[in-house]
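Look for chain A in each of the two complexes below; its partner is chain B in the first and chain C in the second.
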Partner chain A sequence: MERIKINHLPGQTWNRLGMNDIEIEKYSFEKNLEGKIREEKEELPGQGIAYCDKDKQGGLQRGTESSFDREEKSDCGSALGDAFVELLEETHMAQVVSLVAEAGEQKTYRMEFGKTEGAACGKFDLLAKQNCEMTVFQYFDDRTAAEQTKDARSGIRNRIRAEKGAYIKLVQVFLGGEREEILNDIGAVLEENAELEVDQIFLGGKKTVSGVLAQLRGRKSSFTSNIAYDIGQDERLDLNLIAKHIGKKTEAQMDVKGVLREGAHKLLRATVDFIPGCSGSVGKENEEVLLMDEEVVNQTVPLILCGEEDVEGAHGASIGRINEEYLFYLKSRGIPEKQIYEMLANARIETVLGKIDDGETRERVMAALVEG
Partner chain B sequence: MKEKTQVQDINREFYDFRYKEDDADRFEAGITPEIIREISEEKGDPQWMREFRLKALEIYHRTPMAANWGPSIEGLDVDKIVTYIRSKTRMEQDWEKVPEDVKNTFERLGIPQAERESLAGVGAQYDSELVYHNLRQEVAQSGVVYTDLESAMHDERYADMIREHFMKLVPPTDHKFAALHGAVWSGGSFVYVPKGVKLEIPLQSYFRLNAKGAGQFEHTLIIVEEDAYLHFIEGCSAPKYYEASLHAGCVELYVGKNSTLRYSTIENWSKNMYNLNTKRAIVEEGGKIEWVSGSFGSHVSYLYPMSILNGRGARSEFTGITFAGEGQNLDTGAKIVHNAPDTSSYMNTKSICKSGGISTFRSSILVKESAVGSKSSVSCESLMLDSLSRSDTIPAMDVRTKQADIGHEAKIGRISDEAVFYLTSRGLSEEEAKALIVGGFADNVSKELPMEYAMEMNNLIKLEMMGTIG
Partner chain C sequence: MSEFLKIIDLTARAEEKELLHQVSLEIQEGETHVLLGPNGAGKSTLGYTIMGSPEYEVTGGKIYFQGDDITEEGADKRAKRGIFLSFQNPIEIPGITVSNFLRTALEQLTGERIKLFDFKKRLKNVMDTLQMDQSYADRDLNVGFSGGEKKKAEILQLLMLNPRLAILDETDSGLDVDAVKTVSKGIEEFQKKQGGSLLIITHNAKILEALKVDKTHVLVDGRIVAEGGPELVEDVGQNGFEKYLDKESY
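Presenting the complex of A and B:
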């Protein structure tokens, strides 16, 4: 089968490190991802995401054509790259779910996806008009999918536009199962004073390739990303976070915390890209990784690309063991070492749950953690 | 509103003097088996080296150029580069016997003076060949060997040692220009420090490329045995021509058990130079490699000294500064491989760019499964002096054991207006204030160098900064 490379590092490095991109099989998406959607406390008509013909209700639009395309607002970009977008566009006339919050509105949507056989895709356009607030929760739960999804693949693409003064929070929770591969792409454009917060939790998942591209075009626009992951048992997580500072006085903060267990392989690409002219901008990225077992692979490439003098960029990473002093202290309180490690692993997820600050999301994630 | 200042480029006349070259000394441009055989013939290579060169040439032709990373080298046509320039003189140990124009070149660069004042030995390479090599008598008596690589290869005492180590750390298959180096290498130094010998004063090799459109491919091989110490300094410069020049040298360092090798470089090639140099060290149990690197010259540089920490407790320290000005694209950094338990590495780099210069810090830290208990810390800071310039940081980390502590931090920014205001309020001009701040920024590198070299580096920074506010 033909193979394609996706999730490219914006500034390439030595090929022998194997960090510039990830190679996947080129396959066809056969159908739309099956799931449900509801506006906060209200099930939307059509029994969730039925991708029925164009209707418009409760800010939800469905159809093969998005308002983004009609209004030439489709330049949100892609973190996974052109090859992924082409795959999505060429292999299946995927229908688009468009969520719109009108000016001044506050909207909250929840979407949940479970069993889908074969290769399925979901395309979502999120448009927050001037000075509105939009919160979208997307839950991808493959744990119940069992045998029939063993070779299943998902392709997910969120295109996001936040108009002047708008705020969008996108929360994604991936609860891994036997699904072969998840490709998750987010591309966003932010206008003046707009804010985007992307919070993601990855628990398990055989192979997950995920990326976020935030284009901070408007003056004083901002992007925050909080990511937590806990993977093991030969699972692979490939992340690509890109904050592109275009407008003046833009801000980005990307925090990634994770746990790697027995045979897990994680690669984080995190890029702060200061485009000439973005004076007064600040971009920061930070990573903390706890390695629980031997035979893990932890790869990190934190980039700062800078074409502007008047900016502030910073990166910090801490990888490895628990601080000896913490360990000694907790052991002296009678807590076994294994339990200490588990407590600290859960604390990483808990930190992001705290940022998400949502009861339902907490319940789902904690239940998954208890089930192990 | 804040007023933007523009930083102009350095006047390099100090390094740009040159002497007429005799065309009869130049080999034909290009890289063919015939030219390689001619070089072997000229040097009287032993059979194994003749075969090695031809094999490396094959590898060169079949190795593609990496197209997806690093600065463009489109302006470099290797087929137009003269790979070997026959020396008009044989290597001398008496400075007075060195030909006048060559002698004048090194006199102007201050090499003999440095030898008299602060060095245990000096080697001077002019184009393709060493023209002078000398080692203080008392140092030679301690068993230290410091000579050109060709002489060592023909000396039965060292011939086997050379064959055992030559291009074993950097094999010709490493990358295209390592293969090119294997085919056309010429000149360079061989240093051997016996067990237990601690050489308190440094050795220095200075490389000068005088010829137009030529390449320099010197090979430096250093073997430091157990419990020994060496500080080796290399310096490089060339006059500016409008044709591209190429430097594809190779440095291989073997650091024995509980030994320390400090390798310092002040690189100030002219700004038509493509500096595609490869440096690598392997460090055994308890040993330590210290790299001190100042990159100021070249049009394009690819330079990433690599340390392979191969024995328990081996250590690496890398301290580097890169200063990229107009027309320069300097891609520098370091690579570390932790391949044994309890190894540690520390990387501290600074980069400065101005007048449209591009500076990229690129690094990789690989902690293998066997490197339990290892530690690594990387710190890189970049300073941009104007918005015409560009500064990128591309560090990579790959950790494969849970029993490791890896820390990394990077910062990018500009000279703070408050600091400039403070200094100008104390009577300094803006130019002086900025030069002082940049000098302070580079302080971690200059304090790692012997005083004479720290002064040279500080002068280079001053030269880069002087007359610059407009």
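Presenting the complex of A and C:
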């Protein structure tokens, strides 16, 4: 089978390090992801996402037509890259769920997806008009996957436009199962004073490739990314975060916290890209990794591309096992070492849950953690 | 009274440097002892060594607790026996709230599942005693706490975990007058209501005012050089440590 490379590092490094991108099999998506969507607490008419044409209700438009025009669609960009976009575009039946928040509105949507056989895709266009607030929760729970879904693959793409003064919060929770592969792509364009917050939790998952490209075009636009993961048993997580500072005084903060166990492999590419003219911009990335096992592979490429002088870029990392002082403090309260590691592993997820600040999301994630 | 904590000829070192030299000390159940000494005398080292810190290597002597030799035991096992150390510089634990941390610790110590309602009720009562805002229960342990708040959080843990022996390592340092009063009240509560034993490492006689002190030890250069009753605290308060500096082991 033909193979393609996706999730590229914006500035390439030595190929022999194997960190520039990730190679996957090229395949076709056969169907749309099966799931449900709710606006606020009310479930929308019809069971699940019907993907029916020209159905517009409560700011939700479902069908083959996006609320974005052709130019706007390509404008959002992709963190996973052209090869992935082409893969989705080749799937003629792939339909789009468009969520729109009109100017000044406050909208909250919840989507949940369970088992889907074969290769399925989901395309979502999120449009937040001027000064509106839009919150979108996407839950991908693969733990219930049936035996026959072992070779199942998912391709997910969110295209986001935040107009002047708009705020978009996208929360994604991936509860891994036997699924072969999850490809998750987010591309966003932000206008003046617009804010984008992307919070993601990855618990398990055989192979997950995920990326966020935030294009901070408008003056004082900002991007925040909070990611927590806990992977083990030879699972693989490939992350690519790109904050592209184009407008003046733009801000980006990317925080990634995670736990690696039992032969897990994680690669994080985190790029702050200062484009000429983005003076006064600040871009920061920070990573905390807890290694629970000596067999894990933990790779990180922090990258700051600097085309502008008057900017502030920073990256920091804390990687390894828990230091003795910390361990002693917790042990002195009667907590054994194994329990401490578990507690601190959950604390990383808890930190991001705190930022998401949503009861339903917390319940889902905590239930998954309890089930282990 | 039964033999409670007994330390015999304890010698300990850190990074090749010997910090405690044949220290012997005995605390009976329900007693309150005070450990005094100039800076760098080894007071905290003794507290940490009793708790089982891996930072210090015991090279000689024994520590017995309730008749059992615990010299080689890990800190978590000692805690389960009922030993508690209040840290001078408590560690910040991001992602774990005060409430969750205490419930986990209590469940580990007792080996029983704690009912949430009972736990919250008790936590509220103790926080009221320490004049702590209830919102602290939902904050990450020690994260962003001021020095005084951290010390209060240590006393909160002491009262919630209810150990048999509490070692307080300069719990009063860096506290303002009001905070010293609140912390003292917490310690008094532990001593009188819970009947716990105490080893108090301090420079400040203020914290001892409301407590009945049974014995005082003076540690200089890793050696116990003087022992006495509560009058020794007053003596050191007035005259300092000068007369003890060149003394041989007690």
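Basically, the second predicted complex is superposed on the first by the 365 of 372 C-alpha atoms of A that agree within 3 Å, B and C clash if a C-alpha of one lies under 4 Å from a C-alpha of the other, contacts with A are read in each partner's own complex, and residues count from 1 in each chain.
Note that contacts are C-beta pairs under 8 Å (C-beta built on N, C-alpha and C of every residue); 3 or more make two chains touch, one makes a residue touch a chain.
Owing to the predicted nature of the structure, the values given are computational and were not obtained by experimental measurement.
Enquirer: Taking the superposition on A as described, I'd like to know which of chain B and chain C A:L303 touches: first, second, both or neither.
Expert: Touch status of A:L303: first partner only.
Enquirer: Touching A:Y329, do we find chain B (first), chain C (second), both, or neither?
Expert: The answer is second: A:Y329 touches chain C but not chain B.
Enquirer: After the superposition on A, what does A:P276 contact: first (chain B), second (chain C), both or neither?
Expert: Once the two structures are laid over each other on A, A:P276 reaches chain B alone.
Enquirer: Of the partners chain B and chain C, which touch A:T351 in the superposed model: first, second, both, neither?
Expert: Touch status of A:T351: second partner only.
Enquirer: By residue count, is chain A touched more by chain B or by chain C?
Expert: Touching more residues of chain A than the other partner does is B.
Enquirer: Given the touch rule stated above, what does A:Q339 touch, chain B (first), chain C (second), both, or neither?
Expert: It touches chain C, and chain B stays clear.
Enquirer: Scan A:I319 for contacts with chain B and chain C and give back first, second, both or neither.
Expert: first
Enquirer: Quick check: in the complex, which residue numbers of chain A touch chain C?
Expert: Interface residues on chain A, with respect to chain C: 324-326, 328-337, 339, 343-344, 346-351, 354.
Enquirer: Chain B touches which residues of chain A in the complex?
Expert: For chain A paired with chain B, touching residues are 11-15, 17, 19-20, 274, 276, 279, 289, 291-321.
Enquirer: Can you list the chain C residues touching chain A in their complex?
Expert: Those residues of chain C that touch chain A are 51-55, 74-76, 78-80, 84-85, 87, 90-91, 93-96, 101, 104-105, 108-109, 157, 161.
Enquirer: Please give the residue numbers of chain B that touch chain A in the complex, ascending.
Expert: Within the complex, chain B touches chain A at residues 66, 68-69, 360, 362, 364, 369, 382, 384-387, 389-414.
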